[in-house]
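Two complexes come next, and they have one chain in common, chain A, joined by chain B in the first and chain C in the second.
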Partner chain A sequence: MSFFNLWKKTNKKSDILQEYYGEAKKLKKSLSENIKIIKDLLGNPNDLIIREIVISEKGDKKLAVIVIDGLTNALFVHDFILKELMLAIRTTDLDDEIIKNTKFVNIIKNHSLPISDIDNLDDFKKLCEKLLSGDTIILFDGYNQGLVLDTKGWKDRGVSEPSAETVVRGARDSFNETIRTSTMLIRRRIKDINLRIENKIIGEVTKTNVSVVYIDGLANEKIINDLKKRLEAISIDGILESGYLEELLINKAYSLFPSMYTTERPDKVCANLLEGRIAILTDGTPFVLVIPAVFIQFFQSTEDYFQRSIFSSFIRLLRFLSFFLALLTPAVYIAITTFHQEMLPTNLIISISGQRESVPFPALIEVLFMELTFEILREAGLRMPRAIGQAISIVGALALGEAAVNAGIVSTIMIIIVSITAITSLIFPEYNFSNPIRLLRFMFIILSAAFGLYGIALGLMFLTMHLCSLKSFGIPYMYPLAPFNFKAMKDTFIRTPINTQFRRPSIFVEDDLVKQNKNNEVIKQTSKKGSELESEN
Partner chain B sequence: MKHKHILLIFGFISCLFILTGCWGKKELDELALVSAIAIDESELGYLVSVQVMVPREIASDFSDELTTVKLFSDEGESLFQTIRKLTRDLPRKSYFTHLMAIIISENIAKDNMVEILDFFLRDPEVRPDVPIFIAKDTLAQDILNVLTHIEPIPASKIKKVGLNFQTNYYGVRDTTFLNLVTSIASAGVNPAIMGLTVYGNKNEGEKNVNIQEIEAKAAIKITDFAIFKNEKLIGWLNEDESRGYSYLIGEIKNTIITIPCDKNKTQNLEITSFKNKTKLKMENGKPIINITHQINSNIAQLGCSIDKNNYQKLEKLLEKEIIKDSQHTLNVIQKKFKSDVVGFGELIHRKKPVVWKKLNQNWDDYFVNLTVNLSAEIKINRPGVVDGDVIKKILK
Partner chain C sequence: MKIKYFCIFLLPFLLTGCWSANELNELTLITSMAIDKEEDGYLVTLAITVPSEATINAPGRSASTVVSSTRGINACDAFRRTSSKISRTPNLSHIQNIIISEELAKEGILPAIDCIIRDDQLRPTSFLFIAKGVKAKDVLAINTSIEHSASSKISQMIKNAEVNYSIVNAVSLVEFINSLTTPDKEAYLPGIGVYGDLEKGNTVDNSQDVAPSAIIYLAPYALFKKDKMIAWLDDYTSKGVNFLLNDVKSTMINYQCDNDRYFVLNVRKAKTKIKVNTKGKVPKFTISADIKGTICQADCRLDLTKTSKVKELENKFQRVIKQQLQKTMANLQTNYTSDVLGLGGYIHRKDHKLWKNLNKDWEEVFKNLQYEIEVKVTIVQPGAIINPITNDDK
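Let's look at the complex of A and B:
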């Protein structure tokens, strides 16, 4: 907010801003005056390029092409604006009268600029906004209107492989920082007339493009309206990443669990759109928000649908197992070794006890020490400069490995427990989801150190209660487990084959529930008899 | 204001964690894990020995310089008092959840075992499935003084030997102390449990030398079965009688039966399944029990040649042998010990409760003259890997 205030203060100092920017002040007739105002408004930066061209034979009438260097495609401006304008002017017999003709601007617009997206403008506010988003402005001497041409083009990262969500089988493209590329990637996959991309500019300073994408007729009307209302209510200086929106849009900002799904994969977004969900694209980040999100969704990966259902089901179950392992392994270790030693098989208790003999700390301290070390290493590994990565991994292996055991600080079994929690917490397709597990793990460690397994059971009870109380845009977070829906269970703990999933999840979808037409003759026949080829074998 | 309240409540809850002091918490290095307990008679009352595992020695790669277990013993007036008295010597609290064997000396078993069993039943740490043994011809303490190999914890060896013996040779019904208590408590059945003894040089048994050489200087072995009358030990069945007892109660999973056929020659049959079909009949108001041994077997080793296509002769021999052993044991327990260790009384109780009501009062006397008929249904299924009369061919 302070940043925002600072900007407002400078705003007040400058009279010219108040005069021309505040309330859609119209353009002047004099070109030189207009240019002066623009320069003053923008503080005459050196990436502002103003190219003036003489258009009358006497040389007293000019037009000006105004661009911000770097935001426009320079070649495009040269070839299709400057060149065309100059040729047109040279080959046309221009005299004062034509120039004076009020239709001159339209003649230029309609006949000499081979550009698809072209528009008129007549006030400074729009001029500045367009100019700063990479459009080209053409102003004319003697006219209080100008042209705005879409010439956006900047150095772009290009469509690359997703870095946070990798798959073996499946599409290799990911969104990037340019919102247009992102909408392109969605449009390329869904060629339906009902695909809606609704734009909104959020952020008083950053003026970030935010697009709400959904399929009309599939997405729940109520959720869309609710989302739009919430977006409307946002008043902030800037949106730099979709994370800002995530926190601004949700009700329970203090819940650990994400109530929006974050992804950089277009195929994932498209699959969600088909299920009736809504995507929120933000300019400047490859991460797209998908609402409403449910708990089960964080266990589903796109790849689950690209391989045979039996393997996918196995991997699903593996993820659920990992969820509990990541959450509870250290806590259960503490509970069993300090409260319920009778639960361990004799050989195991002897082996654990033998290792713990030389460790000077109680199990709780040992666990906390190792878990915190791992969390620190994990964070350091993320933030460190790539060049010193090797040093960190060597040191990390020492702190979390044989050396720590030999030093008598921790026991070998502790290393295994930390490793299990570390590996299992990274198995989730959505990175965000491991964060609540990381924090809750510590809660469970403390609970188990105080109350043993009783404490763990208590913690799990509260966790379940909390999860069941959560809602994402009106949709229960634990759907389809609570409220229970047997039909929707086909795609939760296991994934049944695609030819058994006929309906979309009814909770998101308005009315078009049928995914595959069960009565379709072809489906009927193939599912009964198998295809001809199969039956020959 | 609202936030203040929440903060206060949160503060109180966090105090809970810190101030509870973790009731019931015991770190692993504060416990002495007891693997076996031996109870002997002494002048004061009891001589209690506990075998405590040394985790570091067991978990390490067998340094063989220190023993894997330590024995702590003391004398006292009662069992529990003596266990607590051990703290004079033990640096850690003795912890009984991983107890693998209870060994009771012959003298205690003859006198007052009930007191001991009461302790084990009441104590929450002791599992009800701990195997129980009687030490024969030796102090119970001596049995815990023998180091073993393969199973580095001697108590574990005792437990597993008991299991192995039971599954691959012959066994008793009352293997765990809970079984024993149940048998003592129920009318119409008396307990019988396995005996343990030490063979070899008892003094060498407790040294590491015992496990450093191929041949052990001293070894713990299963021996005869102890016969109880109610809660008191009254005698021992010898090896053949013990085997016969197993036939009578049907406690055989897989065993080998040897039948003499010629001079110093035997036919050997492996029993793959052994079931008893027990029937109760009333004749003239008197109960008569018929036991039929249903046996499946394979030929394991032949000393004499047989008819390849006709195993009936062999089946007859086996039938005779088994009935002979069973009958002998039956006579011994009826006439010599006068103790219903097979549980005929319980059978009558279950099948004819009205009859049992009458017999209940003086069952011990009635049992001595109870008519029990034995028969056997034998089936020899397979001749083993080789078919035919190999011996005949070799001798040619």
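Let's look at the complex of A and C:
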């Protein structure tokens, strides 16, 4: 409660804020007055650096360089702003006629500052925003104008290996928390004039940079406009992670299945851009959203395209199998052992019932106990400090393993089932996708405990209905399965070789469908008789 | 509106529920069943698995299967009464074998079998046997090695016999009921018996001994007329019946070439076709058997490297098999007058009007059926060695 009260209080803007932080509150002419207002606006913080300098010998041309320490590249400010203004400028005769006739601000802007991104400024709102995002402000005494210089430079994590989506073969870079680095990584891969990066600032307080990236001519116009409209409609105090946007942008916020693809891999984003999808980059997080997302997408890894197609196809089929194993194994175990004992081979049922002899609980309790234990261990494993990780994992292995069996709390087969579900739910290239499976698994466990295989069948039916009803930015979630598209089957359950894939998925792309030119002479030749090198061999 | 749809979604869940759920450790798995006829009713014996003893990690101190017999005025009554002796709900879905005593089979098997086939849990693929020389319940009480119980031993044994022996084959419940209910076919069932000491056979020691005191074996077919058993076949006729039924997978054929010396054919493939010609007054059958095999033993001197000699041997085997089939047919026609081959069915399918006429006194017609037997034997290869290892000149 107190938190909300506090919020209300700060929301009541103080007098100074009301006076100068509006749209039309222009800068004053007096430098000292301006500085005072800035100090008041920001509360005169420790990291606010205001360097007042005099540049003319007479002492009549005063200016102030204002930076926030830590957000700017200190060396850069020193070398290319302060040095220029304080030393290099002395060689110019400021009293020269031509110079006298032009405005002092423009002289400094056009002649003295060797900085690429420079802009004029005349109100406090823009001043504060730029100052707080790491730019350098120069204010002049006697002018109600200032300059904004792009000197952003802060401690950055650097481009490191992706932690959530690893590959054996493929690029090893990942996005980081700085949006500029992220756009750089995309630009490095797609050097097309049609690559559009549109910026937007979202968040009343955080003023987070959000970039919408797409390839003009490939991405569906309707989806882009829809997305922009939805971004426009967002009014929130802060965006700290792309997860905020994900929930703000989607229709069915209560569906378990992700309707946006989240990734930290630039190569994945680029592949999606080439298919006509749209990426949303958020400052402050390495995770990029890709829309529209379809169900099948979560079974595909970038590495599928880097390996030989037969092997990739095998791996993909394996993922589909794992999906059902992760979802249904415990449920089927319950259904078969409590309802359909006749379905197992006699020797197996005898063996299972022998193991279950000493277990005092019904199969449902046994399964829930083990699955919940695993979920707790998994969550604890994610959150705990690394240093005590080992101790916990030993305890976890013991609790889940031998000890539980020996104590007669669970049967050995239960350990196998929990292990299968645990491993299979981690096979998906997109980590988010295992979350709906984890939750639905419990739904299926309850269904099977109450209704047996019949319940599982009903559950699967409703799941299918739900999935078919989902849409991601107007695109059916189950595409290309429902609505069925035969051509897209080349890259769904299996992946055919790249030289057989000529078209982009028609559902995302507006009109430029050709991915690979079929009539290309080289392709024709190689696909007909193999390249010369091959035939020589 | 949404609530309405949600209610419709909930409807299918009303069709079923937890009431049919049974925890595994509240069930008792029954792997075999034996039915005996007693003076004042029926004796039903169940082979009950002891799960903790049947698993790999079992200590092996006690038997993995226990047997429980209960009397009742009829089969169903007796079966229900077993619950007064068992601590858990019996689960019949894993019954592999049903053994019926000879006396009961001779009096008529239907009263015992109806209760079994009517049960919704019991598999129609479980095997039926007739106990030969012992009570049906005694067979289940024999402790065995290799397999963990008599039940699994019996079902494995009959599968093995089918593949390697072909004197008796498994007959499932559904097959048996089919032959009972069709008028153009008679039923047959494999027999099962016990050699040795029944008393010692049901101890745990029996499975631990190198030479067990008692052992279960498969006996040749028992023939039925309607639902009554009429006779036991011997090995020779039983194999003949299997040949005629086109049920031989692999077996051996002996040809005596000399006093105490044999050529043995290891049958690898056998196909018997029965055709009927209903053009004449009396239907005429053509039975043709095509048999392929290897030589499994050769005691007499014969140069098997020569094609002509192999041909000679083939002809000899042909004669042996033809004789066996002829004897079998004669036996079935005159001694037992039981149409286990379903020859009536062949007429029925070919010419149903004729069958309507013949049906009335099929027994008489069957006795005098005309048939012709053609046998073709091909020796595919002589085995790892070619010529016989003999040191005499014969």
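Throughout what follows, the second predicted complex is superposed on the first by the 508 of 537 C-alpha atoms of A that agree within 3 Å, B and C clash if a C-alpha of one lies under 4 Å from a C-alpha of the other, contacts with A are read in each partner's own complex, and residues count from 1 in each chain.
In this text, a residue touches a chain if its C-beta (ideal position, glycine included) is under 8 Å from a C-beta of that chain, and two chains touch if they have at least 3 such contacts.
Because the structure is a prediction, the values reported are computed rather than measured.
Q: Using the touch definition from the top, say if A:V395 reaches chain B (first), chain C (second), both or neither.
A: Touch partners of A:V395: none, neither chain B nor chain C.
Q: Check whether A:I349 is in contact with chain B, with chain C, with both or with neither, and answer first, second, both or neither.
A: So A:I349 meets both chain B and chain C here.
Q: Touch test for A:G452: chain B only (first), chain C only (second), both, or neither?
A: Once the two structures are laid over each other on A, A:G452 reaches both partners.
Q: In the superposed arrangement, which partner chain does A:F462 touch: chain B (first), chain C (second), both, or neither?
A: It touches chain C, and chain B stays clear.
Q: Touch check for A:F339: first (chain B), second (chain C), both, or neither?
A: both
Q: Look at A:M443 in the shared chain and tell me whether it touches chain B only, chain C only, both, or neither; answer first, second, both or neither.
A: In the superposition, A:M443 contacts neither chain B nor chain C.
Q: Figure out whether A:E357 sits in contact with chain B (first) or chain C (second), or with both, or with neither.
A: In the superposition, A:E357 touches chain B and chain C alike.
Q: Quick check on my understanding: which residues of chain A belong to both its chain B contact set and its chain C contact set?
A: On chain A, the residues that contact chain B in one structure and chain C in the other are 337-339, 341-342, 346, 349-359, 362-363, 449-452.
Q: Under the stated contact criterion, what part of chain C meets chain A in this complex?
A: It comes out as residues 9, 12-13, 15-18, 20-25, 27, 29, 31, 49, 51-58, 91, 93-94, 96, 121, 123, 148, 152.
Q: Once bound in the complex, which stretches of chain A touch chain C?
A: Listed in rising order, the residues of chain A that touch chain C are 337-339, 341-342, 346-347, 349-359, 362-363, 449-452, 454-455, 458, 462.
Q: Looking at the complex, which residues from chain A come into contact with chain B?
A: Residues in contact with chain B: 337-339, 341-342, 346, 349-359, 362-363, 446-447, 449-452.
Q: Under the definition above, what is the set of chain B residues touching chain A in their complex?
A: Residues in contact with chain A: 16-17, 20, 22, 24-29, 31, 33, 35, 53, 55-60, 95, 97-98, 100, 125, 127, 153, 156.
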